[in-house]
Amino acid sequence: MTQTAPNPAADGPVLEVRDLAVEFPSHRGTVTPVRGVSFTLARRQRLGIVGESGAGKSLTALALMRLLPFPGRVVGGEVRLGGRDLMRLSEREMAAVRGGRMALVYQDPMSSLNPVHSVGRQIVEAIRAHEDVSRRVARARAVELLGDVGLSSPARRFESYPHQFSGGMRQRVMIAMAISAGPDVLIADEPTTALDVTTQARIIDVLSRLVDERDMAVLLITHDLGLAASFCEDVHVMYAGRIVEQSPAEPLFARPVHPYTEALLNAICRLDHDVDRPIAAIPGQPPLPQHLPDGCPFHPRCPHAIAVCSREVPDLHVLADGRTAECHLAEARAVAAA
Amino acid sequence: MGSYVLKRVAVSIALLIISSILIFCLMRVIPGDPTITKVAGASGNAASVRALRAVRHELGLDQSLPAQYVHWVGGILRGDFGESYYSQFPVTKLISQRIGATLELAVLSLIIGVLMAVPAAVISAIWRNRAFDALLSAFTAIGMATPAFVTGIVLIVVFGVKLNLLPTQGYVSITHHPIESLKTAVLPSITLAIAIAAPLLRILDASLDDVASAPYIRTAAGKGLLRRQVVMRHLLPNATIPALTMLGVIIGSLLGGTVIVEYVFARPGLGTLVVDSVFKRDYAVLQTLVLLAAATFILSSLAIDLLYGVIDPRLRVRGSEAAR
Amino acid sequence: MTSVAASLDVVVSPRRRAEGLVRLLRRPAAAVSFVVVSALVFGSVAAPLVAPYPKNQFDVNHLFGPPTLAHPFGTDELGRDLLTRVLYGGRTSLEIAALATALAMAVGAVWGFTAAFHRGWLDELLMRIADLTLGMPVILLGLVLVAAFGSSTKSIILILGILFTPATARLARSSLLAELETDYYLAAVSVGAPPWRIILKELLPNTTPVLLARASIVAADAIFVEASLSFVGLGVQPPAASWGTLLERGYSVLYSSYWYPIFPGIVILVAVLALNTLGDNLQRVLDPARR
């Protein structure tokens, strides 16, 4: 799995997210599953966001696209795509952005395609939503895209219906649909979770190739650390609605700073481990958004917690090499690990 | 697709046959003898045994049950539905006299009812206004709880008695005088339309809700489609599929509703004929009408099933091509 | 026996009844409809105590009188107070509805449970028979049955019972089938508990709430159909009076005394609406999937 060296283009980051917060009001009280997320995405960069289920990763992706399910809403922060704050756009303007400048590939290919329209028709619809081309031209492009994502006999596949495809094929169609209008940013939310392992590898290959060919930036959301390690240049770790560590991939996996990242890595079973060695699972459960502990949200499960961790929420500590972590012990740990 | 059509047609024919047998048997095992009513009605006092026997023979009631059934079915296939026990009129003539009133009512009610329910459901889906949705829920609940004759009476009182705007009874054939005909049909059609629109709206809303939470709707929005486009191209088509089943039930309600509505508005249609023949125990007419109702219902179900086959590709094309 | 009994008690199935009632009454719509239904039942049952006038008191000076303070609903063709007539009419209507519902529930439950237990060809047959009446308009079927059985209070109860049995049978069958799939049922069987115990302690308590919720809706339908049949003169026969017959009387004087049919009509509407809402909410409370 090759990694393209990041190319911090002169024109600055393509996506800048600052203090994004999402809340879900209900008559039982308001829940805030995303509590101030900030990151930037440069052109052609491959960024991974990892974390357990419930950390708020998918909601972040949906928030970026302003596709939050009712009654969720974005309550703070800004999302700048090419300089424009997406949160301030009208619904119409946002519709033009969706698919056109930023696209989302979803986790569940089985039910993410409309069962009564042919696959080709759905791709054509995506193309014509952003470009004024004739149906014939759009159809030709769609067929070409179907070939690009690795489907055989694309012309015949065009007429087929989603229920005639396997999961892996449907995900290829989803990818084709997402890139059809040439977006600058592709968000992939757990794109391979619902697929079996061999298919996963193939889909990632397709994704990798397409991203390189089309100069897209990718935001890969996953709970699969191995996938993040091999695909991404930079990785952000998310916990309880906040990003707790940001780092390029290699140092993150070799010398994690935040105790949560370290615990995640320790929990991975490796083939060269002794089979009798117990799995180092992280004790406890991730906190529910409505019951966050005082101070650092991870402290109840953290083996290195000290007194201040239960009282004060840690600030963002920027380390010497540019990595960041939200931990009271960040500097100490970074020095110790080096 | 071909086998699907064949299967459905075969089942429909079987259902028709079974229904006819059931209806026939039900009419015959009845305690109570139409002959007595007829003969007694004519002479006003207890009839002699011989007179009864004569009438029985005349009406063919002294033959064995299966023989009577075959006789009946044979007649039907020839287009002869027998004669009213009461009036000796051929049943076909009775029906043709009255079918115009019923058809006009049924068609108008269906159109008005659908025009009430569908746009309301679509607006509710696009607009997503809590107050509007609450209003619709209230309408549905009350509409489904109010018997048609209550609605009818209210309309008669408001528009007929108080405002004296529209005729509240009778019927004018549309071929004779279109305007007058429509005037007599307005109030009954609205009454029946409300009775259909309420359950239709409920099923449409539920169906729209169901589909709205499906992942592919989010995909459609994610592609950059406008709200309106998502609703019209993805939400509605998929939501109508389950609503189509309800249409079958709606047609059933139409059949039942016309009886009551025609009665309330004194409209001489097939509905009032049904009530009349129950009163008079005129089984010949009654069994034909019920058979007609059953046939209408079975055929409309068939039509809906075939429509399903056209709309839903999952029924048309089997998913046999899934390959890696 | 005692060891089996003891082990059966260990295998506990969730009891949905008690907490359901409390949760039900928290919903405003359910609470209101519960009060309304209770008021209607009380008004009818206690009619002799509650009605403003004696049942048959008539006043020839006030025939077809409009609503006044003395007669809130007006008076009928014999000068009898209509409010009183409606209260007493409620006795007939509600009694018919209750008995018909009980009949439909009992027969339907036996029918459905038998089908569910047996599976196989009996199930198929029983359900096909039930399906025959599905979708056919109830009024039409009702009329046909009236032609068959005649119209009297007793026959109406029978007819209504017959009309609503198939749908109840379907519900009983599907709810029992769901119970038979559960782990605690399988556990009870594998522990060796005798069938009657399983039925009594596991199956019945878990299927009854669903059926009871449905009963409320069936009762609403029964009132609806009885009123319709009586309205066309084929239901309850004089001298018995129900809401439907009152409407029928009122209909004949619609042009001169329009209030006559309106009040019974509103009462029918309210009764059906309240029972429907109650049943609907009961169903939602019992089945978390439907929320």
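In this document, chain identifiers A, B and C correspond to the written order of the chains, with residue numbering beginning at 1 in each.
One rule holds in what follows: a residue touches a chain if its C-beta (ideal position, glycine included) is under 8 Å from a C-beta of that chain, and two chains touch if they have at least 3 such contacts.
Remember, predicted model here, so these are calculated numbers, not experimental data.
Chain-to-chain contact here is organised linearly: an open path runs through the chains from one end to the other.
Taking B-C and A-B together, the pair of chains sharing more C-beta contacts is B-C.
Averaged C-alpha coordinates give centres for subunit A and subunit C that are 54 Å from one another.
With centres taken as mean Cα positions, subunit C sits 24 Å from subunit B. Once the centre of each chain is set as its mean CA position, subunit A and subunit B turn out to be 54 Å apart. Put simply, subunit B touches subunit A in their complex at residues 128, 213-216, 218-227, 229, 233-234, 237-238, 241, 311-314, 317, 319-324.
In the complex of the two chains, the subunit B residues touching subunit C come out as 15, 18-19, 22-23, 26-27, 29-32, 141-142, 144-150, 153-154, 156-157, 160-161, 248-249, 252-257, 259-260, 263-264, 274-275, 277-279, 281, 283, 286, 290, 293-294, 297, 301.
For subunit A in complex with subunit B, the residues that touch the partner chain are 65, 67, 69-70, 91-92, 95-100, 103-104, 106, 108, 111-118, 125-126, 129-130, 160-161, 163-166, 168-169, 174, 177-178, 181, 199. Across the interface of their complex, subunit B is touched by residues 132, 135-140, 143-144, 146-150, 220, 224, 227-228, 231-234, 247, 250-251, 254-255, 258, 261-262, 265-266, 268-269, 272-273, 276-277 of subunit C.
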